[in-house]
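What follows is a pair of complexes built around chain A, which joins chain B in one and chain C in the other.
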Partner chain A sequence: MTTTTVSGNWFKKFLRSVRIPPVYIFLIVIFLGGGVLDQIFSDGQIFTNQAIFINIIVRSVALGIVAVGQTLVIVGASIDLSVAYVISITAVMSSYIMQGEPANVPKAILVVFAIGALIGLVNGLIITKLHVNSFITTLGTSLIIKGIINATFSNYTGSVPKSFQYFGYSTIGPIPVAVIVLLVVVIAGWLVLSRTKFGSHLYAVGGNVEVARLSGLRTDRVIIGAHILCSMTAVLTGLFLVSRLQSGSPWVGPDGLYDLESIATTVVGGTALAGGKGGVWGTLAGVLIFGVLDTVFNQLGVNPYLKTVLRGAIIVLAVASYTYRSKKEAA
Partner chain B sequence: MEEQKKNTEEASAQQEPLMEVQNITKRFPGVLALDNVSLKFMPGEVHAVVGENGAGKSTLMKIMAGAYFPDSGELYLSGKKVSFSHPQEAQAMGITIIYQEFNLLPERTVAHNIFLGREPSTFGIVDVGKMNKQAEDVLKEIGVEKMISPTSLVSSLSVAEQQLVEIAKAISFRAKVLIMDEPTAALTYTEVNLLAGLIGKLKDRGMSIIFISHRLVEVFDIAEKITVLKDGQLVNTVNTKDVTPADLVFMMVGRTLDHYFPPLGKPEDFGEVVLRVKDASNNFLKDINFELRKGEVLGIAGLQGSGRTEMAQAIFGVVPFKTGSVELHGKAITIKSPSHAIKNRLGFVTEDRKAEGIIPMQPIRDNMLLTVRSTQPIFGAIHKDGIRKSRNLVPTLGKQVDIRTDSYDREAQFLSGGNQQKVVLSKWLASDADVFIFDEPTRGIDVEAKAGIHDMIRVLTKNGIAVLMISSELPEIIGMSDRVLVMWDGHIEGELPAKSSEHEIMLMATGGKKDNKYQSLAVAGKE
Partner chain C sequence: MTASTIPTPAGTTKVLRSLWEGIKRIPPVYPVFFLIFIILGFLSPSYQTANGITAFLRRTSPLAILAIGEMMVLASGGFDLSIGAIVTLVVLGSSLLLNNDPAMAFPAIMIMLGLAVVIGLVNGLVVSYLKIPSFIATLGMMLLVKGGALYWVGGAPRGYLTENWRAFGRGYFENVPLIGRFPYALLALVVIGLISYFIFHWSNFGKQVLAIGDNVLASQLSGVKVRLVRVITFVISSLFAVIGGIMIGGFGGVNVTIGEGLEMQSIAACVVGGALMGGGKGSVPNVIFGAFTMEAIFNLLNLLGLPKPYKDAVQGLIIIAAVAYVVLSTRKKR
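Let's look at the complex of A and B:
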């Protein structure tokens, strides 16, 4: 898993502590393969045009942020299907509160994060205290949110001030702010999982809840915490989307398939759906794989329906390769 | 033996026992697991608890570790009465148990496992460096820091190393009493020596080590005192130096058969060879060779982990053999899957009823028809109680095996253990199999149902069916088998004729035949 380089000990140590998942090889193969195809069949911009490269990452920001949250939840052997509607409610509520006024921005951000935290808390409480399966719980809450949004907002609502669009469009040097935000979220997610007690306990709960309980962990709190954090990342994705779209729409979350794609990228990134194993770096690779695929397909002018078929096939292939590998190791 | 007992008592009188259990009784539905057991455990002493499967060893250990609550009786720790409602309480007071199945998180590092729930941290940020350092200190304490790095993933460690991690975890709790359930079951010879050395070190620190083992060689190597349990009762506690392995085996099995078995097969009942396994091996098994004849019950004895179940699974195609040959009804065959096995008229009544035998949430009826339906063509007509011509299979079978229920629509989970086993049996009767593998056919069911199942096995063989019967219960093996194969360490250690004694079987099943050291001990004991 770790590659040997001449760059010295600290680099090896760093690689080992980060635990670079094998999915990065997959990412590089897809990038190079796509680039070659692009050279042959199209204008070859993937390798030459830096803007395209950055564009891949910018396209990945929205999915990437929420996928980090989803990774936390899945590491804890839970799942969150409600993120798409949390994104929607964030988009409409924030732009409704902002109404184009820069002065309203802090208030809007505060409100949407509070809403996100509340939804995560409710999800976690239902799963741990009422012992409802996480899939059903979050499916239920997402339907509830959907109903509330649809009853209240039917179309684009409000608008965001120019200053808020900074989040979506500005760059620091050549690097877009959004990309920095994504990196910060990924690093934060990594630190939470690898450096905090909470993260450590999350792996334990996801790995074997009985072992965790016998070791004296408060397993319920860990799961609730993961759900709150996950909803917060969905809120952040919602804010990013609204800053780019300039106005909140109720269908922005489900249309982007953020629920299923965040799960798919997490799993493609090597996090076990059964929990206890994985991490955010793998998820980032999963997200970038999706971004690269989209870009390559666009460059090559692939039929959008075929695009979806190929995406599906790649998800299944990637995950099948993991189980094949782990089976081989076991035998 | 009286004298030995006196010696033990004298030694106890000089020193305060570290832990003591008094008059412990524990009853499970239908079984008296422990009957008024009292024991003392001294500091700086290694105490082995031995006995047959079902003797109550594990139950006693779990009570001491707070995982079970006794029905009556008391626990004393350093002379003070204690009572645990949760394993954590026992752990906090210095009693740690290491189960046969480890409680480790395979995808986490050694350090994370050792300090799970107690990670050194400030404001929720784990000080990984400090944790690794502390883990290393603990590993150093038991002298294995060169073998195990605190940052390795547990899944990358061998079973022996994982066990050392469990011990390190116990040490980090400042355990005073360390209980190990079959610590050597999965270890190689060198690993056992390492463990023995480690146990010696822990002993010198004044800890009390209690371990359950089936391997008498190691019991004699490691323990100073041995307690023998049988059917939930204390047979005796002896000093190791005062007894021989032969004495011990006698104490473990010395009892009369407690229930009636149907008469064994007569030579004229046995027909041609229906199943022949030759030089077959896979990851768990090596060089399996045997023949099974029509109309006979071939008993498979051996300790847990000796490869009995693996052999059944190999024959039935669950985890097939990799090399060697299998001949069924005189034809060479490679069984690749259970459905392939069923098509070739093999039946497998599994050990773990809940996990492999019945589908608890389905009606009895559908459970009984599982095998029949599995060989049906996909669009074949299905009747409520059977298929094709045998439309009334379910009531017929139900009567045959005497399932006691008011309706076959009842979910199988609501039946008693004995009746569930009958459902499993009827499922295989329906399949037309003529070679049956029984894996622990009567585990955990009451005496009456046991006798019923034994009778049924004999009815099968009378009808020309060949039976391979795996059992941990020696009386069952002896009472039912026309021949006995004894397995040890993944191969067939030897074959014994009908009516062999428990002593002979146990000697072979503990590797006695193979291990020279043990053999010399055993021979010495006989003289």
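Let's look at the complex of A and C:
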């Protein structure tokens, strides 16, 4: 009897040390449930076909990369609605500069990351120095970017060279490069949040700005840093999308709903919108839940509009599983 | 001699100073709106006529009504992102229910108002009882309502909106003395504005909404039924979205993207009207004029010949500037 409790404790300790967020249980349930439904009502490819399994992850790469950045921002009790248009501007600018020439690739990458960093910096400065609410700031900057893109580009612009499509399509062994990039970004996000001074400062600022300031943190710099990193991840998502689509279009970001979906997956992953709590591993699970749902719905041939309805309901249910026991009133 | 001359300037400065204090208390949205409107009048003679002015007000009425509803939720510290989807639902659903039969107009509107009450209740209950932040709760509702509306009509608009249904958006009272024609939409805005003014500024309910937005715990401890008040704000917001949607369908016709982005535009109008994100501040007339100001600025850009995409960029600049102004001016006072 004592041994069981000891081993139970050991297991609990192990779980606590790796901090597996409870949302993974939700992910596994949805995967198994979807797979069983697929066995019954369709051809049962989800459990048997490895290509479909990998496809779930590839579909999640674009959303996953930007969701990591969004997680950093939300941990700092801020929010970034401008990522969708940062993705768009990256897609059009990079393919416009590349023009199908491999020699232009480094220049294009440099330029789009510079644009991304600038947008993040502007967002951060408006939020911290002008004290404008982050929702309004990033809604405002996203409208400004939207106006600039639509005034300059009206359709597919330029193209990416064959060599650049490596990012979107090739594989190392059985694993697509894109999946490796996603994992690298997630691990980098995890290291930033849990192993660096900046990460601990971000949690402190997200928990309570006033307390963080009074304990001597330069809170403004922390928020600005988070916004710059978030815009950088949006740029990376834009580069991934353009390498898959081969040419940049101004509507690639907003059409993918990357702004609202990155926020939704972050919150589904257990990061509190109020800040100070959460992490990138939960976000990864949130993104994968969306990917699994997409694949299951496709396999079952669910009506696309019904898909949207089910998505909305599942977001609310998943978030409710964290919040319904909370004693604090939500707003 | 000195005794008789000195008090007079001192008196006038006192009067001037108190006048200046009064002027400073006028929310900036009013002078900004009238300034832009006067410029519009100089640039285009149609804005000098009663007809042009009522046409302008008619165009802006739906956004103003949506913004009043959104403001109720914002003032309590929440968000309502589902109102754009509700507008889409109203237009698509009504065109299906009407089925080209004018006699169905009244039942269709009643059904839509009923649906709005359900949507608002669910929003409010999910936020209050499942403790889901309203940003996520209403985002989920947005997907649900939009997907549901498109599923209902099968993805493409079907049927037409009958003339009597569309009258709320495009009809006029004819032969009104002084101004000639008076749009129904503007009457609806006036009525809804007055009702909302009463609810928000004169009744206890409005004070409770602001108290919740300011400090939930403090208002709870002083006996405010936080959950009930919050649910009511969401129901009002959904109902106003239906009313705005009927007018928008009235001039726009059936279109699957008709409600897209309206939630953000309403939030922008609220912000221009001085409402604060996070709650605790809001005013019905200021928000109405916030919507007017935005529309006036867009018309000004059109008249100046700026390409359409710049409309978005300018809207972005305006909302950031409006919030920065409010925040910086209130900071100085402290």
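List of remarks:
FYI, the second predicted complex is superposed on the first by the 306 of 331 C-alpha atoms of A that agree within 3 Å, B and C clash if a C-alpha of one lies under 4 Å from a C-alpha of the other, contacts with A are read in each partner's own complex, and residues count from 1 in each chain.
Heads up, the rule we're going with is that a contact is a pair of C-beta atoms (placed from the backbone, for glycine too) under 8 Å apart; a residue touches a chain by one contact, two chains touch by 3 or more.
Bear in mind that the values here come from a model prediction, so they are computed numbers and not experimental data.
Once chain A of one complex is fitted onto chain A of the other, the partner contacts of A:274 are limited to chain C, with no touch recorded for chain B.
After overlaying the two complexes on the shared chain, residue contacts for A:140 are found with chain C alone; chain B is out of touch. In the superposition on chain A, contact of A:196 is made with chain B only, not with chain C.
Of the two partner chains, chain B is the only one that A:211 touches; chain C does not reach it. Between chain B and chain C, C contacts the larger number of chain A residues. Look at A:320: by the touch rule set out above, it reaches chain C but stays clear of chain B. Looking at the shared chain after the overlay, A:244 reaches neither chain B nor chain C. Of the residues of chain A, those at positions 331 touch chain B in one of the two structures and chain C in the other. Note for the complex: chain A touches chain C at residues 126, 130-133, 135-137, 139-144, 146-151, 260, 263-264, 267, 273-274, 303-313, 315-316, 319-320, 323-324, 326, 328-331. Chain contact summary for the complex, chain C toward chain A: residues 76-79, 126-137, 139-144, 146-148, 150-151, 155, 212-213, 216, 220, 226-227, 264, 267-268, 271, 276-279, 307-317, 319-320, 323-324, 327-328, 331.
Of all the residues in chain B, the ones that touch chain A in their complex are 87-88, 103-108, 112, 116-119, 121, 124-126, 128, 151, 283.
Chain A makes touch with chain B in their complex at residues 16, 194-201, 203-204, 207-208, 210-212, 214-217, 276-277, 331.
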